[in-house]
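To start, I am sharing the structure in question, which I have written as structure tokens.
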Amino acid sequence: MALSIAHTQLPEASPSIDGELLIAVEDLSLSYGSGKRNKQVLGHINLEIREQEFVAVLGSSGCGKTSLLRILAGYEQLSAGRINVLGKDRVSPNADVGVVFQHANLFPWLSVQNNVQFGLKMKRLPKPQREEIASEIIAQVGLAPFAHYLPYQLSGGMKQRAAIARTLAADPRIMLMDEPFGALDAITRENLQSMLKLIWKNSRRTVFFITHDVDEALFLGTRIIVMNGSPGRIGTDIANPIFEDGGSIASLRKNKEYSFLRESLLERM
Amino acid sequence: MALSIAHTQLPEASPSIDGELLIAVEDLSLSYGSGKRNKQVLGHINLEIREQEFVAVLGSSGCGKTSLLRILAGYEQLSAGRINVLGKDRVSPNADVGVVFQHANLFPWLSVQNNVQFGLKMKRLPKPQREEIASEIIAQVGLAPFAHYLPYQLSGGMKQRAAIARTLAADPRIMLMDEPFGALDAITRENLQSMLKLIWKNSRRTVFFITHDVDEALFLGTRIIVMNGSPGRIGTDIANPIFEDGGSIASLRKNKEYSFLRESLLERM
Amino acid sequence: NSSKSGGKDKYPKEVTIGYQVIPNAELLVKTKGLAEKKFPNVKINWKAFDSGRDVNTAIAANSIDLGLAGSVPVAIGVTNKLPYQVYFLHDIIGEAESLAVRNSSGVKSVKDLAGKKVGVPFGSTAHFSLLSALKLEGLDASKVTILDLQPQDILAAWQRKDIDGAFVWNPILSKLIADDGSILVTAQQLADKGSITADVGVVRTAFANDYPNFLKDYVSVLDEAVKLYRDKPEEVAKDLAPVLSTDEKDALAQTKQLVWLTSAEQSNAKYLGSKKSESGFADVLLQTAQFLVDQKQIPSVPKLEDFQAAIRQEALKK
Amino acid sequence: MNTRNLGISLLAVIIAFSAWWIVSVSGAVSHLFLPTPVAVWKAFLEVINEGYKGSPLVTHIGESLKRLAIAFAIALLTAIPIGMLSGYFAKVRAFVDPFIEFYRPLPPLAYYTILVLWLGIGDSSKIALLALAAFAPLYLAVVSGVSKVPKDRINGARSLGAKDWDIFVHVIFPSTLPDLFTGIRTSIGMTYTTLVAAEMVAAVSGMGWMVLDASKFLRSDIIFVGIILMGLIAVLIDVLIRWLEYNRVPWKGKE
Amino acid sequence: MNTRNLGISLLAVIIAFSAWWIVSVSGAVSHLFLPTPVAVWKAFLEVINEGYKGSPLVTHIGESLKRLAIAFAIALLTAIPIGMLSGYFAKVRAFVDPFIEFYRPLPPLAYYTILVLWLGIGDSSKIALLALAAFAPLYLAVVSGVSKVPKDRINGARSLGAKDWDIFVHVIFPSTLPDLFTGIRTSIGMTYTTLVAAEMVAAVSGMGWMVLDASKFLRSDIIFVGIILMGLIAVLIDVLIRWLEYNRVPWKGKE
């Protein structure tokens, strides 16, 4: 999957993968406010995401990463251009597109078990089946002993794992994640990175993953997008040349292309 | 100032500097709660900090970094051992020991100008003098155009700069900082790191600086402490062999000792 | 509320009577259960009220069938076209309501009240009597500080020496007398000079039309109570004492301060009369209302015929 | 009141009680103004044993609590749905708010006469008065609760497949629970302080009526009994609701 | 009420008004129950031109507002310092709270007779009743405000050289300002709803007394004038305080 690249220049071409086209964005713009207060946040975004891609999105603060994700999730309406997510032109939040935020956003009145079951309940799945699926996924993210805890009884990392489990349980075709590990300490963060990688390896679910950590992007993304400018646009869009199916950030850093890639990406932010 | 170290092993000895001894901690322990709920958080900490040192503190989450800082600041009382800060055995919060937190903790009802003046007002400095000193420091941290803004009108990075300015204006002999850049995005973070480094270079004020970012520690600290274990103790205490007076994290990364040091420190967390 | 049944000779299944704790025939009827005895198949609901104002409101709200209110609230009610009529005078207020003044205040006559503070419950019979007394003595009401006080607050104010006098009824009146007070004017004296006040039985007109016989028979029960009182006042006092929260002796004294009248006596033209056109009490109500207009208490007053129409003499007839 | 300083709270009560005792027994003030603790205790026993004016004490307490409970139930059943709609749909809120804003600050006694005219002297006007007192704080709490529901919590639920009705039942309602409980507490408080006003017209039972009636006859001892009783019952109700809250909304203040 | 849906709010008012007009003019209910808008308007003009029972309308409004203002000022001057002490020193709070918890839920009418006995029938008992109604919500808001002051804000101030008194004046007081304003609004609300009760005894002026007196004389039109007036004035007061709050505490809800 990794394209080989020259050491002196990054390939600007978008990667060509054969999977089904799940997300297509054409000439998208977004403005907030109206009249004098109008502020264009995104301008002329073009983007295609296919099945099985893990797209890591980098970009300086305020360049519009979150805004783009919210449009893809149907939380925000674009101001101009065209969008198509899973065949629909008018996107509204639905169970096929899962979302995980920086802050876990769990339902505080539901136990971990019930939070994870939420999506299944909405699908009107019978209770025993719901419970089985949820328990399995909870075990997978290592929260089995805490299944009956309420969110406030969990640490930040545990909450984040529960949130990921909840989205996974709903079995969306696409997962949109907005700096899901941003609020965590280094150790927890590394654990969750490995967990996410493993999950992706097993399910090959399409992921759109915003981060401000270049190492994280290089570790997780099969493809890396860098956004910049104001209004924000996509400046760089490459296949990750050093993507490995397993490994760790530490082993990544030993890759000889790593330092160069890192610097190049930072520069482009 | 930097000790030369062997490439295969980190020197475990505490660095010997000739400055005045400002902080001395001997066999310090701390427990929270009592009875069944008792939990020992710090155990047998020994630490000496001298004038002009910039001590960067690393350590996994929950190992007690913040707790140690709070004891040094006089916010928390130790359970056992001895402590001496600026010659006093019973430490209570005072103007000689400045504190900066991860979240700016500004007074929300005071403008930047008045926040920065706060310490001077407490010293009963006459108003014109107060204003002069504050304006100067505000300009130094690049907030001059925002001097009359209230905190809620500032971005995260601006708030953090105002908080640092406020502590600097009070002119403490020691500055204790607890992940002051933890909540910021990568770009802002780098700017503030450079700013702090510059300020330290000019004032050589003693700093105790907690971070979870190894790069940040290597960039800023003349000395690096790694805490670990439960109850937390000081596992590693070295002079930073690659400390430079100027530079940037990017240039740091080019240092050939960088990768090894980084891995060793991460390992020790 | 009463439920209607059958023709005009029938009793209602239920009747709601709004009474007040005043030592008169109706209180005796209630205390001795005379009505329950007389109407074994009628459910009688007794509702206690503190003021004619609330009785007016309750009648207007269709919540009670019979009620007891002072002549002043009734004049106000008729003026406002409340759908009720006077069917009985439960008592003529004699010495039960009086103007008491504190001895130490130096007030010897009504005229001395100028510049003094006097408490009275506004909109009550006592309020009317006080204003009448001032008018009779030619003292402008604006020269006296008249305070709107409920009886219990009058006593509190009296004890604290916040007021110099009060026009009020029992049990508070006797407490004022007991505490350095003396009586300056009684309602009896004012009645003698034409300013009559009374406690009045009113009935919802619709109820009276539906159950004329019940009303007649209820009046006969009231007559029975008046006779009982005239025959054995001590026994009556003994029955009423606990209801009045007082002792027998005081209860007897209190009953004597009110004039109890039988229906026959009330048929006199001086009182309710026997014909619409010759009801002395209609004149009293008109005078009362006119007086309230003069005192700027109410905006306007209806014609005499309206007051005459509001007297129902039928129930008095044997 | 936390348990750590329970001793001090107890001390406060004892000091207040002693002060009362000393002042009243010393004779410095008339017993009419301040009955002695002994007199109040005797009055309490008397009311316990013989009742007050025809009804046993439990009837007085029961009648008052019944009125409060019915009024509060009416407020709950109306304020929660209306408040949820108002909180969710700005237009509904714009329609309902003028009425609430207008009647909320009105003294209950100002419109009590009108209520009696409309609903009669029975329990319905009393209950209506209490329910009106209960409605506004409950409604406002629900509206504020709903408008505080994070937009992204609703979005998140939709992304998990929740439809409109699911959102109401499974997201908005539970989200407002903490505010609802706060509202319930203020609402019951408001209702309770209106109790005496409600029992002013044509009542012959109820704690409020008892105090009013006692004050008509200047029975200070009974007034004190009534006040102390009402205060203690109010504290009990509040403790009960806090306990319920603690059990139903354990995450309150910890989100 | 936001401005975007002002039209809908206006519509609500118009609908309510029309409903009133139609029902009252149709004759379906007696004018005693529901006077016509025209009658109310006439009564309003009458009261404006001739006053009510000896005092011009402005005097009635002024007297009520004066009582409210004095009572509220007393509550402010007592509740803020006591509340600050209670919030800061757990022991003070343990001492004060039993009294507050006990009297707060009591219906004002329950203890009004006692207040009249103690303070007389003048304005002082009225003001005391109103001040008691105002005190509890203000006190509770200040206590909650103080106990919400982040521990590290105080520590931070000490690290900048603040001493005990500085902490109170420069940290705790301004920190509680947002809660104080919330407290002020509920407190004024509580005081206002007690206004009629306060003017029940020995008043000959005041909006509350006007409504009470009008109901004695079955003047529904005046009752309506009084209620509408009281409602509008309350809304005005609330707008004023919100405006003050917006100007004094611009950071509220944005920390």
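Order as written gives the chain letters A, B, C, D and E; numbering starts at 1 within each chain.
In the analysis below, a contact is a pair of C-beta atoms (placed from the backbone, for glycine too) under 8 Å apart; a residue touches a chain by one contact, two chains touch by 3 or more.
Owing to the predicted nature of the structure, the values given are computational and were not obtained by experimental measurement.
A.B. asks: Using the contact definition given at the top, which chains are in touch with both subunit A and subunit D?
C.D. replies: In this structure, no chain contacts subunit D and also subunit A.
A.B. asks: Highest contact-pair count belongs to which two chains?
C.D. replies: Highest contact count among chain pairs: D-E.
A.B. asks: How many Å are there between the centre of subunit C and the centre of subunit E, using C-alpha atoms for each centre?
C.D. replies: The answer is 38 Å.
A.B. asks: Counting in whole Å, what is the centre-to-centre distance of subunit A and subunit C, each centre being its mean C-alpha position?
C.D. replies: 84
A.B. asks: Which whole number of Å gives the spacing of the CA centres of subunit C and subunit D?
C.D. replies: Chain centres of subunit C and subunit D, defined by C-alpha means, are spaced 37 Å apart.
A.B. asks: Would you kindly tell me how far, in whole Å, the mean C-alpha position of subunit E lies from that of subunit D?
C.D. replies: Between these chains, centre-to-centre, one finds 18 Å.
A.B. asks: Scan subunit E for residues touching two or more other chains and write them down.
C.D. replies: Touching at least two other chains: 32-33, 113, 117, 200, 215.
A.B. asks: Quick one: which residues in subunit C touch 2 or more of the other chains?
C.D. replies: Correct list: 57, 60, 150, 152, 156, 159.
A.B. asks: Judged by the touch rule stated earlier, which pairs of chains are there in contact?
C.D. replies: Pairs flagged as touching, ordered by label: A-B, A-D, B-E, C-D, C-E, D-E.
A.B. asks: Quick one: which bits of subunit C touch subunit E in the complex? Just the residue numbers, please.
C.D. replies: Contacts found on subunit C: 51, 53, 56-57, 60, 76-77, 80-82, 119, 122-123, 142, 146-150, 152-153, 156-157, 159-160, 162-163, 292, 296-299.
A.B. asks: Report the residues of subunit C in contact with subunit D in the complex, numbered from low to high.
C.D. replies: Its residues touching subunit D are 1, 18, 47-50, 54, 57-58, 60-64, 150-152, 155-156, 159, 171, 175, 245.
A.B. asks: Which of the residues in subunit B end up touching subunit E in this complex?
C.D. replies: Going through subunit B, the ones touching subunit E are 73-75, 92-95, 97-99, 101, 105, 107-110, 118-119, 121-123, 150-152, 166-167, 170, 172.
A.B. asks: Applying the document's contact rule, which stretches of subunit E touch subunit B when the two form their complex?
C.D. replies: Those in contact with subunit B are residues 150, 152-153, 155-163, 166, 170-171, 174-175, 177, 249-251, 254-255.
A.B. asks: Which residues of subunit B touch subunit A in the complex?
C.D. replies: Spelled out, the residues of subunit B in touch with subunit A are 60-61, 185-188, 212-214, 250, 253, 259, 263, 266, 269.
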